[in-house]
Amino acid sequence: MNAGSRSFGRFSVMGFLAVFVLSVLSTGVSATERLMVTGSSSVAPIALEIAKRFEATRPDVQIEIQTGGSARGIHDARKGLADIGMVSRRLEPSEGDLTGHTIALDAVTMITHAKNPILGLDRSQIIDIYTDKIDDWSQIEDFKGPIVVVNKADGRSTLEVFLKYTQLKSNGIKSDIIIGDNEQAIKTVSTNPLAIAYVSVGASTYHIENGLPLRMVAVDGVVPNAKSLAEGNLPMIRELNFVTAGMPEGLTAEFIAFATSPSVADILDAFYVLPPAE
Amino acid sequence: MAPLDVTSDSIFWRVNDLTVSYGKALALSSVSIDIRKTGVTAIIGPSGCGKSSFLCCLNRLSEMIPGCCVSGRIEIQRENILATRFDSTSLRRRVGLIFQKPNPFPMSIRRNLELPLREHGMRDSREVDSTITRCLTEVGLWSEVKDRLDAPALSLSGGQQQRLCIARALVLKPDALLMDEPCSALDPVSTAVVESLIQSLSKNYTIVMVTHNLRQARRLGSDVAFFWMRDGAGMLIEAGSSDQIFNSPRHELTQRYVLGQVA
Amino acid sequence: MSVALDDRPTNASGHGRLLVLALTWLAPAIVAAAFLWLIGDVVLRGIGGVDWNFIVDVPRNAGRAGGIAPIIVSTFLVILVCVAVAVPLSLFAALFLAEFSRASVPMSRIIRLSLNCLAAVPSIVFGIFGNALFCVALGMGYSILSGGLTLACMVLPILIRTMENAIRAVPEDYRLGAAALGLSKSQVIIRVILPLSIPGLLVGLLLGVGRALAETAALVFTSGYVDRMPSSLLDSGRTLSIHILDLSMNVAGGDKNAYASVLVLGVLILVINSGIAALLFFSKRRSGLTS
Amino acid sequence: MYYPPRSKDWLAHKLLLFSSRSAAAVSASVLVLAIAVVTLESLPAIRDIGLWRMLSDESWHPSSDSFGLAPMLLGTVLVTVLAIVIAAPLAVVSAVFRQFYAPRALGGIYRRLIELLAGIPSVVFGLWGLTVLVPLISRIEPPGASLLAASLVLALMILPTIELISATALADVPHHHYLAARALGLSREQAVWKVVMPSAVSGICAGTILGVARAAGETMAVMMVAGNVVQFPDSVFAPVRTLSANIALEVAYAVDLHRASLFASGLIMIIMTLFAFCCAEAIAHSRKSYRVGRA
């Protein structure tokens, strides 16, 4: 045996390569089918629960859920990077190449910290707050302190719903903190008594029930709760969609059928979103 | 300059017009000398006169020194070892080199001797072991280390380390040994041990030894070559038998140097 | 004469000197206080959350409860991929720079320059580069593989630099000694230089791993967010750093487990740093014996 | 004992040479690859928006076709400058303290502390900033997440780097300069600041530039505490968004032109850091020639 072929360097290379190849092979060998679902962070937690239940019935299936916003969902579904895109708004005419499957209806509402005595705001007040015409809570209620306006990053679909409601332009909003995911808005408001943000009713209800110091503010006099949601009275309503490039087939179709079937109704209830209207 | 008066088949190295430079600086200019088989050729001269450069050319280790440029001819058995197609690694197997500072590898004593053997293709473990024993015995180290062959070589004393290095060169059964001031980093006792070792080795091997110590050169050297530095470049002034150089030098510089009149 | 001596040192000092002295002690005091505050906070807030269960359990309720077992596994896998790719590459590149080329040769200067520039590129840029190349263009998706490869690109400069230094640190004596025994260049490298530089090479490896462990920005958009136990390298995997980021940014009530995860990460980094210190200590002691 | 020449040896050498050459080439081409990929991805933005509009557009609203990076460029510069202004003096004085004032044991402990901090991941600084610093600043002036918070967190992060490099630069100045100055009757302060410091200043500058590069490129810690509002800040308590935070915040969901413009801002960051790197190189070189010139 010659020195060269026993090289220390190549020895380690071979070791690593072996591990490597084995791991990659194990992917191919394992019989699991996988489904990639990406997109809106408002849909993701619901999709995750639905996926868990689906996986329980189909042990050979693995569903991966990645958040990244609705635009990501559209993009990935279109480019084939994901089997299903999650989009928390209605598909636009320019997105006719995609097929939407509404899994639920969700409402967006304003939230504040539980210490904040504000119970209700109307549309003009919200607009004033988000354009800095009102910049201290004392201008509305007996509560001192500058308002910390939490806004979402440009291109997020929750922002789009909010803009549609307020008829504001994205560049007209004067914010103090910009956040990405819904969860970040909830976290920010729950740790700052002066903050206000808009998030989905489902997510905030879930966190309020889990003891976070949050309050959903009545918007235009409608108190966000299961009843007002079911009656469709809330002003900011949006669709939660699964989108696919073309008509879904195979496992994708199975999962979408499962997600739109009555067998997930209790999950939708738990997240305070409505089943899609027939 | 002054070739030794010997017949050609008793000559190991035949050096002709050897010139060494480092970049633009000339280190050794136009050295011609014949080095006889067996016995010790001692190279003396002041610091910086190119003695070590000369030594490095004899086994072509010069090519490993960045910027070192060698020209001229060095023949062993009528073959020019400076030719590019000449295999320098096989040359170094035939010509061992002992450094000024003992440089055993930071491995065990056994591993130090085993490494060159294994790398040169000796596979039989018994053969390896017996070679190691033989060479350690030859350098007088066997009785001192036979119980701790797996101890780190660096735990040996300086003199022992130098003898280990000599043993390491001997395992390859070389024809010749080059020694670059082999005793200058050793204490007087170790020096005496190594000197007597060199003396006994000189019966079987061609030895070229660079030394600063004139008495050592006189004691050990059968032949002596005297190098000097002129205009920054080293050159060979005179070479001859030890007796001739020390007792009747032809060159005035040599005379003054061996008498200790020039530093 | 006495006037000249008098008005020099004494006048220049006085209050001014005292002020400088005070500031000289104040600055490190501020720095130390700030850092002790930070470290204290991390330890105090995290220590309650760390127990055996935390290490072996899966994250529950978005990480608010449960443990971090899959996250530790993902972290190790990402680092394994990174090391598996970067170490052989760096080792050979370092060999080239240290043994097969001279520093003045244009080729090696270009390589060095390119690596130094690479080391200066911000990690978020590696993140989007990896996302565009590995996840999208090469179709690996958000996966441990993409993340590990991105990290490998990122740690390459630091690995090569330390490994080259380790190889260069082998004394010339040994190189010449081995060559004088008639060993060929490849034998000298494989039999003498590489074995002798192993401690230094390991230091490089550990530095790279430490850097990889601490990295967040390059991984968020390559290895992804999924906190499940990965079953292959093509699964998305969440590393400890990303877990900390996610818990602190996106999970209300996740701070406690975020701090607990920081402690686990801190322990890993401490282990690596002490590994480096130990290796340096031993190799120093050995070279001390040589001289 | 002559062993036959072995052709395998030649093969081993060729193999070793080939693999090390190709490894070096691959490593060197990673930079080219990274720049190429980022440039390619940002081409649509450069073509359709143009670099000029990216600098001159008033603000950043990709969904309404407004791609101004200027507020974020300014944000990056402000956060970086403020962080350096806070960190550099503290770091340099700390290094002086460690080299010339601290008792041996204390200096050792201090060094350990700084080294420990140099190894802390940036996300940990971000977490701490978010949970400790931001609420504190919020009490002075809401919202808390602000230019100041980002600069403070960054200052803490880059301080160890500058401190360690400065201390090395100070230690590199031959000690006999210091002794000679003391022998002239100069006080310790004078000897340090008037004699040692001028020789070490280029090394300290190089360290500071490294700190600048790290600060300008830092993403997560800044994103966690800066508030990320795209605006020209009117005070240190105002939230800002940096270039890197912009990328981190939006690249996950950005598509098409939006994504391309984020890559374009990545390209701008590469150019900025390479520029900083070249400055550091130049300073390091000038230091070398200075040393050689005096030797």
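Letters A, B, C and D mark the chains in the order given here, with residues in each chain numbered from 1 onward.
We adopt the following convention: contacts are C-beta pairs under 8 Å (C-beta built on N, C-alpha and C of every residue); 3 or more make two chains touch, one makes a residue touch a chain.
Quick caveat: nothing in here was measured; it's all calculated off a predicted structure.
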- Item | Intersection of the contact lists for subunit A and subunit C | D
- Contact distance in steps, from subunit B to subunit C: 1
- By count of C-beta pairs in contact, the leading pair of chains: C-D
- Note on the structure: With centres defined as CA means, the chain nearest the overall centre is C
- Task: Take the average of all CA coordinates in subunit C, do the same for subunit D, and state the distance between these two points in whole angstrom.
- Result: 15
- Note on the structure: Rounded to the nearest Å, the gap between Cα centres of subunit B and subunit D is 54
- Whole-Å distance, subunit A centre to subunit D centre, using C-alpha means? 34
- Item | Centre-of-Cα separation between subunit B and subunit A, whole angstrom | 80
- Query: Where in subunit C do residues touch two or more other chains at once?
  - Reply: 88, 91-92, 95, 184, 186-187, 190-191, 195, 249
- Note the residues in subunit B that touch 2 or more other chains, in rising order. 89-90, 93-94, 119-120, 172
- Out of subunit D, which residues touch more than one other chain, so two or more? 6, 9, 12-13, 15-16, 19, 252
- Residue ranges of subunit A touching subunit D (in the complex, touch as defined): 2-5, 7, 9-10, 67-72, 74-75, 145-146, 148, 151, 153-156, 160, 169-171, 175-180, 191-192, 194-195
- Within their complex, state which residues of subunit D touch subunit C. 9, 12-13, 15-17, 19-34, 37-38, 40-41, 89-91, 93-94, 96-98, 101-102, 110, 113-117, 119-128, 130-132, 156, 159, 163, 185-187, 189-190, 193, 213, 216-220, 224, 244, 247-248, 251-252, 262-263, 266, 269-270, 273-274, 276-277, 281
- In the complex formed with subunit A, which residues of subunit C make contact? 62, 77, 80-81, 83-84, 87-88, 91-92, 95, 136, 141-142, 145, 186-187, 190-191, 194-195, 224-226, 231-236, 249-254
- Across the complex, what residues on subunit A touch subunit C? 3-4, 6-9, 12-13, 16-17, 19-20, 23-24, 26-27, 30, 32, 36, 62, 64-67, 79, 81, 180-181, 183-184, 186-187, 190-191, 207, 210-212
- Query: If you look only at subunit C, which of its residues touch subunit B in the complex?
  - Reply: 102, 171, 173-184, 187, 191-192, 195-196, 286, 289-290
